[in-house]
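Written out below as structure tokens is the structure these notes cover.
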């Protein structure tokens, strides 16, 4: 499966791009996706981030379907 | 003794004037003054008011000296 | 930072204009230690009374005592909260419905102090400042005296 | 009274001007059920960092998700407090120190609801809206990423 992934703020600096197509052999949950992404970008291990699926913060057990929009969000700084 | 008394808001309507010179045979406390004023203006009995002596809200036991400025204050309505 | 809090003129004649508020905000542009402003505005409501609808409030005050009371509120607020500045304006005379009669403006490095001070100052004004208000009703000179709750 | 709370445009490019605030205030003149406005303004502080002094914050956002989050905050605030109206504006792009990046404006018949809603909305924005900020430092392109506490 492949899903659309977006990186915001400092996370885009670390990954080197604002978005990419994420290819995976298996069906993904947020938790699985999280471990794959830490493997690809080890520098993310030191950063706090949340994963949004279809514009909602998602827990690790949540499934990701192929049409989902995934976003990696660094700490919020509004205001 | 005689002291300067001021009436504010609805109290000036009841007494019919904004201020007057208050003449008393005896030395006054706030409590004594309060009973004298209720005697002169019985309509005040139905009204809530505070007595300020020299621009501070005063309790009944507080003495009033002859140079004091007395004010009768109806409920506050600022804001 | 203001270290000395001189008594300031609080009363203004008639309504407080939105432009006055924006000028006050703009004047804090150079105070770059401020992170949070909290503003409270009291607006005259067209309340329904037995005798009709409120059209305006006519404010009066025991002015000297009121200015002292405002000054004490300022001092207490500066002592209690981490404030950079603070401004209070209150109308005297007639303020029609929909217009503003109270403007409380507090500024702080951080939002918590701004929120808390704003509420504190407004409650203190309502409770402790000798301001009196006649709610004018309809067109025939009727009125009721206002009382804070 | 607004009965339907349509999603509203929250983001504006660059600083929010004091004149914009005064126009918003003036537009409530005809809402004569309002007795209390509470306004919160976030202003950019010239904080000292290890590498120098903050000169501006450059804001970005996950805009679609942020607009949804703002909408949810509006809905929650209207459900929880007796509000007549509510407006939120947040800057995107560069906002220099001393300028305003957040404007939260709530109005109610009574002050208690206005105070509580103002605080609620600001805290919700800080915690739940995906807005990101780069604190620009000095003249040489240095920066640090801001994180709300």
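First chain written, first letter: the chains are A, B, C and D, and each begins at residue 1.
The rule we apply is simple: a residue touches a chain if its C-beta (ideal position, glycine included) is under 8 Å from a C-beta of that chain, and two chains touch if they have at least 3 such contacts.
Since this is a predicted model, take the numbers as computed values, not measurements.
Using the average of C-alpha coordinates as each chain's centre, A ends up farthest from chain C. If you average the Cα atoms of chain B and of chain D, the two centres end up 49 Å apart. Separating the CA-averaged centres of chain A and chain B is a span of 73 Å. Remark: chain C and chain D have CA centroids separated by 23 Å (rounded to whole angstrom).
Listed for chain C are residues 42, 111, 122, each touching two or more other chains. Among the residues of chain B, those touching two or more other chains are numbered 79. Which chains touch which is summed up as A-D, B-C, C-D.
Interface residues of chain C, counted against chain D in their complex, comprise 18-19, 21-23, 25-26, 28-46, 97-100, 107, 109, 111, 114-115, 118-119, 122. Of all residues in chain C, only 42, 57, 59-62, 64-66, 68, 90, 101-102, 122, 125-134, 145-148 touch chain B in the complex they form.
Interface residues of chain A, counted against chain D in their complex, comprise 6, 8-10, 52, 55-56, 71, 73-79.
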